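Letters A, B, C and D mark the chains in the order given here, with residues in each chain numbered from 1 onward.
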Amino acid sequence: MTASAAVSVRGIATGAIPRTGGGAGHRVRRVLLSIARPISIFVPVFFLGTFFTFLLGALSGRSPAALQLGDAATPEAVAALNQQFGLDRPFFVQYADWLGQLFRGSFGNSWANGVPVATLLGDRAVVSLSVAGLALVIGVIFGFLFGVLAAQFHTRWIDRAITTGTTVFSVLPPFVVGIALIAVFAVGLRWLPAVGFVPIQLGFWPWFSHLILPAVALSFDTVSDVARQLRTGLVSAYRENYVTGAQVRGLGPQRIFFGHVLRNGVGPALSVLGLKFPALLGGAVLIESIFGLSGYGTFAAQSAVTGDVPSVQAVLVISIVLVVVFNLIVNVAHNRLIPSASRGV
Amino acid sequence: MIKTVLKLPSARIALVMLAFIAFITVFGPLLAPYDPLENTAQNLAAPSAAHWFGTDYLGRDVLSRILAGAPLSVASTVLVAGIALVVGAIPGILSVYATAVFEWISLRVVDTFIALPFLVFAVAMTALLGNGMVQAMIAVGLLVSPLFYRVARSATLSVARSQYVEAAVLAGATTGWIVRTHVWSKVLPPIAISLATTLGVGLVVISSLQFLGIGVQPPTPTWGGILASDLGYLPQQPYAPLFPTALILVTVLAFNLLADAIRDAAGESGRSLVGAKAAKANRARRLAASGYSLTPSKEHA
Amino acid sequence: MTSTSTGPLGDVVLELNEVTIHDDLADNELVHGVSFTLRRGGVVGIVGESGSGKSLTCRAVLGLLPQHIEVSGGTIELLGHNAAALTPKQWTGLRGTSISAVFQDPASYLNPSIRVGKQVQEVLRVKKGQSRAEARRGTLELFEAVHLRDPEAVYRQYPHELSGGMLQRVLIASAIALEPDVLIADEATTALDVTVQAEILDLLASLRARTGLALIVVSHDLAVVAQLCDEVLVMKDGAVLEQGATRDILYAPQHEYSRLLIAEHEQYGLERYLDSPAALPELREEELDYA
Amino acid sequence: MPEITETGERAPALAVAGLNVDFGRGRSRKRVIDEVSFEIAPGEAVGVIGETGSGKSTIARSVLGLVRPAAGSSVRVAGREVTGLSARELRAHRRTGLVQYVFQDPQRSLDQDLTVGHSVAEPLLLQGVLGRAEIRDAVRREFEEVQLDPALAGRFPAELSGGQRQRVAIARALITKPRLLILDEPVSALDSANRVKILELLARLRSSQVALLFISHDLGSVAGVTERTLVLYRGQLVESGATAQIVNAPEHPYTRLLVGSAPTLSAGSIDRVRRNELRDELHPAG
């Protein structure tokens, strides 16, 4: 009471004091807070995610013995192998050990052939990240384009066409989109290759042409979700009083859109983008299988079926780290654009 | 509420479509004209009177395989949604009223579920835990549950912070009373919307797993599995994927229509869109009647 | 400041003639004929409850009616322009420079994501073509003019960090930044504490006296309007029930509803206890008639 | 030493003594109510006025047990100490309906999915003493009491006007025959016609045995209904007395500023110069 009373002397007369005080200390606190809040969410997510991943391996009851020795395994051989992989120790010791390993950048050795998992994943990650990354870029560009168009022409035919289109696309399962794209552009028109992957070292177009169809197929969902959220966000931002306020001050439509509406209306679309990233990584499994790409999705699926637990865990951990990092970026961007949204909640 | 939903034409269309799907699911295997596993004609035959949808690469009747695959595809979707509802909605409501520790932990678990790469995790979980349909349903149900958690939690939160709940507290109401009298009616519509949406999403995910051969063994007919085998014979039968795809789309579309209908009936959106046409007509009529003509082009509102 | 005697009034800046406003969605008329004339340095008050059409009338004057709602009859003449003939671009040119407005709930009329100083500075930059530094200096001067203490500190704040009274001052600063001829105050003090309301009303009165700003003051409270205005319109359900000099309406209300507005203060308000019979001799007698 | 307390009909409807309320913890702790003491006799109407953040709602929330006052504070409702009650005791106390509360905005304080009759009946349903038919009769009586057509009981809040909704809220508060009715800005959300009617209704309630605690930032509406007024400024009670005296001869600078700022129809309100002088007196030195 005392501090604020001292500051607010004459406050009632002239309405002068900022309620939260001011100065550099205040700004530092605000910046720290905007970083601390997402971290307080994402650190637990990382640990819980890795814990679930490890728990999954333990619950599966799979062992390297089943993979390497087959039915002919003697109990001694199984025990020896289990000891070699450290599986004879208590669960939490194994978990701590595995976590420690992760922080040193190692994913352990494959149960199938004893090769370090990191080696097995190396090339495949390039394939998957190329597809997911391109899909993300397509999703952001076209999602924003359609969203902005629909909001600008709210309730007109363009809006209705985009709304209907995005609704239909969001309902289309990715494998249906993938099959349709192959049927039309690869089998029918023969414009683009249907399957396979070419490293970028062999030329940009060969690399890119193999990526287009899978990336487009993967991006459909993101495009329509981003577009819909952006439209909703912009339309509701247009209804806000501050738009009237800006109009009354004599600002023109363009300035109001770019300076005021876009900034506040982009919130829901950003959040959905954060949520879409795991879906993009997850969708890779399906897309890789359709387009015959040997990425980490198919690798995970194969490893899971054969029971190569360390390989599966490695893929999951990498995905979780990517998702967490991406969401941190989205979160910080959100807070910078819409600082008022970061208070409370 | 249900009556209002039924008044909407889109809801009626959705229900007709769903009735059709339900019929196929229950009676499909009985209606199949051939044994879905048996080679009955030449491979990759075109649609004909004997084989309406043609035959696949092993000469099996596609119509029979689609009908026989319906229960495994649709029923498991319903179960997935059921699991997600129970696992998500109940903690969602509880998180508002239970201790802060429960709230924090449940929120972080939900955050984690959302952050997990959905399909990869579902595949890994199903395959590692025994590669059966039950494992697949549990995995997918768990991973979809955050939707219900969030929806139930936010609806409950907005009710819990409302003044009428405070008024009930001031009249001596217990938490149980508040949930029964005030919370239920607010939480049910959003949950119904999520349920309808999840049923659509669930079918896509289940079909995706079947497409990848996860959760089912090869000869068993499933919609996703049929699509996977069609993919290899696109040059010969480019039309083949249409049949299972159409069924999947009809189901997903019906559930989405239903979700939208419930949303409209719950009375949030859509009114200005509906009214725009009427407004235009009214304006034209007024201008014609008054002879008052001005054409002030309107700014974006 | 409560004086209704202002110096000689200048030329007409705004004239409404039998303005009707129509809702095309519901197909009904919302405002049935509003007329008044506002001169430079003059103040017109509009009293009425929500839904009486007072805010719509203001929106019409600003050229900012909601979708599907239009001026369907009569004329609005703003500084010699026929409002019906203005293009959106011309409207944008007029708003801020010729006519501006402040509203109830000032926080919502500022962009929550942008520091308030920047939002005022933006107006000076865009509409007056000032440089960043010039506009910043101008903004600080405006903040000074609306009696914001420590303008530098306020400049850096986000809207949610300021109190309602301060936000309303910021809004007024942004509204008068381009020295408009007409300022609309639509329930501008309704959400504020009584003492703050008095400060804002004082501020508006001094702006008017200093710069010749013409005001339209809209309120549901007759007393607020009575403090500032020369002429009052009493509106209900889209119709003007009574219109005339403030003094006439206070002392000789013709319409039932005007009497109700007066009774609100006399029977259930402060006036019940205020023993200043000298101030309002006639009122005491009239009171008997309203009962 | 046995404590001698008045109970029952003759005890003050509300006795607040040495009320302190702190918000926040540790270093950010802030005293929002500072040593407030007052009493309300049975059937008396008392107003509390003060600006936003002065603590008027916090006093109400302390009386209702929604805010925990600092140690040593005493709040007695009809002779019963309500600070320090356990959750269960508090619920039992609330079910007696000795104190009732009316919110500012009836739109938000009524459940949109319940009929207004159901909302009015809720306190009786919670008591669980009366049967269905008796409750229905009580609801009808209460509707008549607040001059509402009992046939409206089957309607939903959205189907009523703002004034009708506030009557419903008052009916819900009166149905337990409270000794004390706390009204927090009960007319601020209403338009003039309804404001007058609700104030009329409240003035009429004064003749019954229920005591009123009328909280508002607007001296005008409080003045119309109450016989005594408390002025709250920054968590402290700076002045109290008969409403007529507060209005006509305010003593504390803040009260004088408040009276001088209140919009009145007469030209008699003090001018800007006086107001500025008062502000300087209230906050000496810049």
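Heads up, the rule we're going with is that a contact is a pair of C-beta atoms (placed from the backbone, for glycine too) under 8 Å apart; a residue touches a chain by one contact, two chains touch by 3 or more.
Please read all numbers here as calculations on a predicted model, not as lab measurements.
Touching chain B and chain C at once are the following chains: A, D. Counting C-beta pairs in contact, the pair that comes out ahead of the other among A-C and B-D is A-C.
In whole angstrom, the spacing between the mean C-alpha positions of chain A and chain D is 52.
Inter-chain centre distance (chain B to chain D, centres taken as mean C-alpha positions): 49 Å. Per-chain CA centroids place chain A at a distance of 22 Å from chain B.
Taken residue by residue, chain B touches two or more other chains at 272, 276, 299, 301, whereas all remaining positions touch fewer. Within chain A, residues 10-13, 247, 253 each touch two or more of the remaining chains. Across the assembly, chain D contributes 51 as residues in contact with two or more other chains. Across the complex, chain C is touched by residues 10-20, 22, 240-242, 244-253, 255, 259-260, 263-264, 337-341, 343 of chain A. Within the complex formed with chain A, the chain B residues making contact are 108-109, 111-112, 114-129, 131, 200, 204, 207-208, 211-212, 214, 224, 227, 230-231, 234-235, 238, 241, 245, 248-249, 252-253, 256, 272-273, 276, 299-301. Taken in their complex, chain C has these residues touching chain B: 22, 24-25, 27, 63-64, 66-68, 70-73, 84-88, 91.
For chain C in complex with chain D, the residues that touch the partner chain are 1-2, 49-50, 164, 193-199, 201-202, 205-206, 220-224, 226-227, 250, 257, 260-276, 279-280, 283.
Touching chain A in their complex are the following residues of chain C: 62, 64, 88-89, 92-97, 100-101, 103, 105, 108-114, 122-123, 126-127, 147-150, 153-154, 156-163, 165-166, 169, 171, 174-175, 177-178, 195-196, 199.
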